[in-house]
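Below: a set of structures, written as structure tokens.
Each of the next two complexes has chain A plus one other chain: chain B in the first, chain C in the second.
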Partner chain A sequence: MALELKAISATNYPTLGIKETERVCKLIDVSVCIGCKACEVACQEWNDTPVEETYPYTGSYQTMPELAYNFWNLIKFREVELGGSFGWTMAKYQCMHCADPGCLRACPAPGAIVQYTNGIVDFVQENCIGCQFCVTGCPFDVPRLSPKSQKVYKCTLCSDRVAAGLEPACIKACPTGCLQFGTKKQMLEKAMKRVRQLKAQGFSQAAIYDPPGVLGTHAIYVLPHGDRPEDYGLPRDPSVPWIVSLWKGPLKTVGNVVLLGGILTAALHYLKFGPMRAEEKTRG
Partner chain B sequence: MVRETQQVMKPKRQKKSVVKETEAVLVSSAEIERYNLRERLVHWTVAISFLYLLLSGLALYSPRLGTWLYPLLGGGTNIRIWHPYAGVLFALAVTIMTISWRRCLWMYPEDWEWMRYSWKYITHKEGVPEAGRFNAGQKLLFWVLAFSGLILLLSGIVLWFREKFSRELWLASILAHEIFAIVAMGAIIVHMYMGLFASPGSLRAMVEGKVTEAWAKAHHARWYKRVMGIS
Partner chain C sequence: MTNGWVDIRNSDVILAMGGNPAENHPCGFKWVIDAKKNRGAKLVCVDPRFNRTAAVSDCYVQIRAGSDLAFLGGLINYTLSKGLYHEEYVRLFTNGPFLIKEGFSFKDGLFSGFNHNTHTYDKSTWQYEQDEKGYVRQGPTMQDPRCVLQLLKKHFERYTPELVSQITGASVKDFLRVAEIVCSTGTPDKAGTIMYALGWNHHTFSVQILRAAAILQLLLGNIGRPGGGLNALRGHSNIQGGTDHGVSYEKLPGYLKIPSVQHQNLKDYLKANTPRTLIPTSMNYWGNYPKFFVSFMKCMFGRYANKENDFCYDYLPKIERDYSWVNMFDDMYQGKLEGMLCFGINPVANGPHSNKMLAALSKLKWLVVAECFETETAQFWKAPGIDPTTINTEVFLLPAANFAEKDGSFTNSARWVQWKWKALDPPGEAKADQEILASIFLKVRKLYEQVPGTFPEPILHLHWPYNNPTNPLLEEVAKEINGQALEDLKDENGKIILRKGHQLSSYDQLKDDGSTACGNWIYCGCFTEEGNMMARRGLKDPTGLGMYPEWTWSWPANRRIMYNRASCDAQGRPWDPTRAGICWNGERWVGDIPDYKHDCPPEAGLGAFIWLPEGAGKIFASDLAEGPFPEHYEPIESPVKNILHPGVSTNPLAKTFKSDMDKYGTPDEYPIVCTTYRLTEHFHFWTKHITVNSELQPEFFVEIPEGLAEELGIKNQQEIRVSSIRGSVQGKAHVTKRIKPMEVNGKKVWQIGIPIHWGFAGRVKGPLANFLTPTALDPNCSIPEYKGFLVKVEKV
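After this line comes the complex of A and B, so read on.
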């Protein structure tokens, strides 16, 4: 399952991927997550990201306050009111591998972010210049800058493992079947089945989280309370910010017109009127 | 201004101008100090930091320009690290420029009047009112650049220390940074064209500090009269 490029940041020429590739997908069935953090550990182990000093206990069952450049997979813990009663939510949080990735659109460094035909969005640190425009472009607030290397890091969906035909490390570690991996089609089918089961169990708002604002993601969720994604730490209607589209689209044209038009106008002015020579004016 | 009157330079090529009899040539051979050393240092600090900002900004923005500009300006990651420091240098230098030239650059009523003739000025027609040390076009161009600089500085600080600000503010700052970068780029093209090509003698003014009397009379007649003590 070799990886083929679909999109490259800051690059105009088309990619050469010609094969039809199945899109891969991670399914996160929040209803069966027990918050054991096996996936967090597996992620750190496989990706060789060091374990940081633990934070003082803050009364939360969350390992870290948020994602970090060396911590790509976080089980968000929340105390919420769900369906009229008090409850806990445990929901895995990581890069969503958007079909329309705001990070890639915003990135100015050629080749620093790539999207493979199988849907994985990967950062190529070698080409990254640390500007953090991807952080601004990402509707899920995922990429994180390393203060040491001045490069940005995030979940790779274990592109290295997937390329070798293995499932991502977090999937392998999950003991409850909360995390599953396969093609997007398979995962959507499974998710639909789970939603039907949950509805039958009385979770009338159960739903799949596969936000259309970013043309769908390659990490999708089954949420028992699908009408309240915020309670799981997920944005309601994520989409690439319009400012990013404006900035990489029409404003670019305006900039080109000002730069090239300005130089051209100056050149034409010079040819038509020439320089304003002092001697001529004093004589006149 | 009285001080400037005394700085009138000794005519240099006296002999030559005696040979050519026309008065215009005689006049043009005398030299007047236009920018003292401090003014020139401030100007070139502004200019170099601005050019670095513009080129590194373009490199950060546009992939095509980026590939050949990146190595020229210090390499991708370095550009990203240096760009904001160049911004701070630029802001400081422009502040000094603004303070020391506040009187020369202020838009007085006669400057607004001058603006009504700007098309005549652009098309080299007669009848443009006499200008002081700077004409109204130069002044307005300066204010456009200074105002853009202020917005670029403020939005740049947000993008520099983005952890300290909200996502909405990042987005607004990116937009503002972009728009005013384009405005400043447009303004600097005009300024560089005027300084380098359209007005011979100007570049010498900013490099050597001196202009000929003819240049002063032709471009900045009111200033010329003031410096020469002609009322």
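After this line comes the complex of A and C, so read on.
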């Protein structure tokens, strides 16, 4: 499927696709994740992300403490008390591809972040100015700055593969069927079926994680203990940070008015007083 | 595996014990997930650590490393005492009804016939009662106190839930939780499987653990059935192939035996190894031993092997003792070996007792290592603590191609022999193993031709029929393994069934008169006149059970489930029609390739276990060294004495060594139980040479329980030292809630875990876990006790 733009950062022109595009979606069924990290490797191999020679041991089975500019797909391991018994959760973490992407809203660089009509949110590094507003804007703490290139990187949902009709690399590598890929509708159906199965097996709180605070995501989870997303490393009620909403919402209008006022004042001032001349300083 | 990977999806209950399939077999584990999702199967995990398998299990119970047999004994007792066994199955298909000789007994940890001086058994009382014709006497009602089932009941009645708890450290409640699920499969409509790996194998009583599991599965009627079985998860891509082809010192290809010194001629050898039928109608397929063996000798020595010279039987070495590799390294340490060719093994890293391995290698004059990486063994002379100037061993490192740089076959755990194709050329001067071996062999042969040596015939007469002698094509070798007719083969009516020179299609065609050659009889059928059966990739699934008979080829005879006759009742009707492995249609068996004569009616009495002379699954087995029934013994290094019989605490036949380096610790100085294992991110000791794998688990660490860390004042990621009496390792602590304290016979016991992988070679370095492990071996298979030994832990 061709990638058609839906939204572009710091740009007022909404680009509209000429046809209806199905939204794509990753399904992460945490109940059958065995933390094998095949998805981590596939992500690195496909995206050719440079490998640091040595990372120190993290104090758990987790590859590194957090996502990195060159590590976009991380399984988080947690030892937790779950529903009265001990559990060791493993949940893949990556860009969620929000329907309302905080990163895109926060980004001041035209065209550095785009959202496609299929739901993928992609970073276009050549337009990135490295300001990291997207980092502030992301409710999932995903984007990471490369200290070398001073650009920000994250999971692309393998937009290149998806555009060619393939599933993302992580999905292809997953051995247990924990990761699946399809349209959002299909994945929601599968997720609902799985939640019903889990409930029948005694996981009374099993639920789908598709947070409404960002109008839903294009990576959704099945959580056996859906009432405790934090135990899987996921925020409870993510939404675009208020500072970004304020700045890009009401404040933007206020800012525009102030800006316009400023220009108008400057113009009136020019008309009335003419250009400003620098006074020559006395040479010493 | 008796069954196969895909078949696990047909299970109702999966016991993962002595193995961590989610960790070490993530791809195969998809079938466990499949069974859980689509059948609502229950996954039970019993392990010293809450591991990756436990994380997705329905029931997890922690036990002390080395106490598995007691736990299984408890399950056997639970099954018998609650009457949960599949009575008809046991009566029809096992030796449960067979009577055992009067003198057989068990007392204070020893079976009858123990010789206290030699520490061996006289097995004469471990035998069936036989009638005057030599056939087994039976008690079909299974009530006779001398019948196997009653003896079994008596043997295991000691393994009460309370005793299991005292030995293993699991609570009675936890044990019963497992027992209830696992022992629920003794009905025809249920099938349960067991997945195990080195967690059961790495003990001085390893084979007896497997026996206990086999007995449990036979009692529950789970052997031979789709969704059932006893399934060994093999730890390398082709270790099953290696085992099948006789890499172990005591075996020839196809599980034929290496001759021993007692058998100096072919007649004696064949007599000793060809089992005599014990039931009048039993098929006793191993009775064809002479055909398998003679065909093998024809493959080895070609035209030189003939009836007159005992098919070159004299050419084979005759062994008088255990030459397994730990023994071999003991010999080496004592200076008895001059040189070694080392292919596909990294003994310094593999251990046990890596320091002894290093010391042994330094006594060699020369060492050849063929590897794709410079392993610890290849650079043993610069190991930490070794001064290279003191080492006189001349080391040759030959660059070898890796698996992707040559074709050939991989035999997976499911016995599927899958052909693979070379993906790329080996880099630089690297050569495939067969080319290296052939070049060395031809050079040696040339030397024998030029200079007369002692007993040159086995070298000079070796059959070497390859088009390019210095680099045999693996397809040629595969054809040789399959075997061919050396004469026209005829049926009883004189009709030719196979022309001279044609590839054999089945081991039924093998002859003991020299008219067939076959490198490995169980692989006969893998490369027939129709072509390379291992290269097939057909996706037909006629049974709907995932057998895929046209996907590659599986030994034996392309059979996907071993002993599948036992999946049907006496009349040949499947125990569970929804999971019919095979069934009798009135004329022949249909479904999987039957483990029975294909046109022989069910009542013919060939036995469901046609390979065995008794035709029945062995609940009682005199084949093993330390007893016909399994018994719990403590590891060589144990925190407690054996509660059952403190006087015989450890396996009385376990092998330990006596050199100055072989030491065994005691709990007063080394109170903590330690176990070793692999991580999913790695492959054995290899992947520390590879960037991505190194990154995924970058540093050596030791998993220690939270409570123990508190006691010792250790924080997560702090540097600690773990020492056994043999050596020590230092690295980061991984303080975890996933290992809990245990109460073993009233004593608080801690256990810790150390992943193997790191070493002093590779991109990421770290200590070798095997600096700690003991040189103590199982008496049946000489496997070392890498799991359940004693250490102490200190803050650095």
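Keep in mind that, in the parts below, the second predicted complex is superposed on the first by the 252 of 284 C-alpha atoms of A that agree within 3 Å, B and C clash if a C-alpha of one lies under 4 Å from a C-alpha of the other, contacts with A are read in each partner's own complex, and residues count from 1 in each chain.
Simple rule for what comes next: contacts are C-beta pairs under 8 Å (C-beta built on N, C-alpha and C of every residue); 3 or more make two chains touch, one makes a residue touch a chain.
Fair warning: this is a prediction, and the values are worked out from it, not measured in the lab.
In the superposition on chain A, contact of A:Gln150 is made with chain B only, not with chain C. In the superposition on chain A, contact is made by A:Ala266 with chain B only, not with chain C. Look at A:Ser204: by the touch rule set out above, it reaches neither chain B nor chain C. By the touch criterion defined above, A:Ala109 reaches chain B but does not reach chain C. Within the superposed three-chain model, A:Val135 lies in touch with chain B and out of touch with chain C [touch as defined at top]. When the two structures are aligned on the shared chain, A:Val254 is found in touch with chain B, with no touch to chain C. Counted by residues of chain A touched, the larger count belongs to B, out of chain B and chain C. Applying the stated contact rule after C-alpha superposition, one finds that A:Val51 touches chain C and leaves chain B untouched.
Looking at chain A, you'll find no residue that touches chain B in one structure and chain C in the other. Residues of chain B that touch chain A in their complex: 22, 24-25, 27-28, 60-64, 66-67, 76-77, 79-81, 122-124, 126, 159, 162, 167, 170-172, 174-175, 178-179, 181-182, 185-186, 189-190, 193, 197-201, 212, 214-215, 217-219. Interface residues of chain A facing chain B in the complex, by the touch rule stated above, are 10-12, 108-110, 127-133, 135-136, 141, 150-151, 241, 243-244, 246-247, 251-252, 254-255, 258-259, 262-263, 266, 269-270, 273, 275-284.
Residues 22-23, 26-27, 29-30, 33-34, 36-37, 40, 50, 52-56, 58, 679-681, 691-692, 694-699, 701, 716-717, 732, 734-738, 763-764 of chain C are the ones touching chain A in the complex.
Against chain C, in their complex, chain A makes its touches with residues 31-38, 40-41, 44-45, 51-57, 59-61, 63, 79, 86-90, 175-178, 194, 197, 201.
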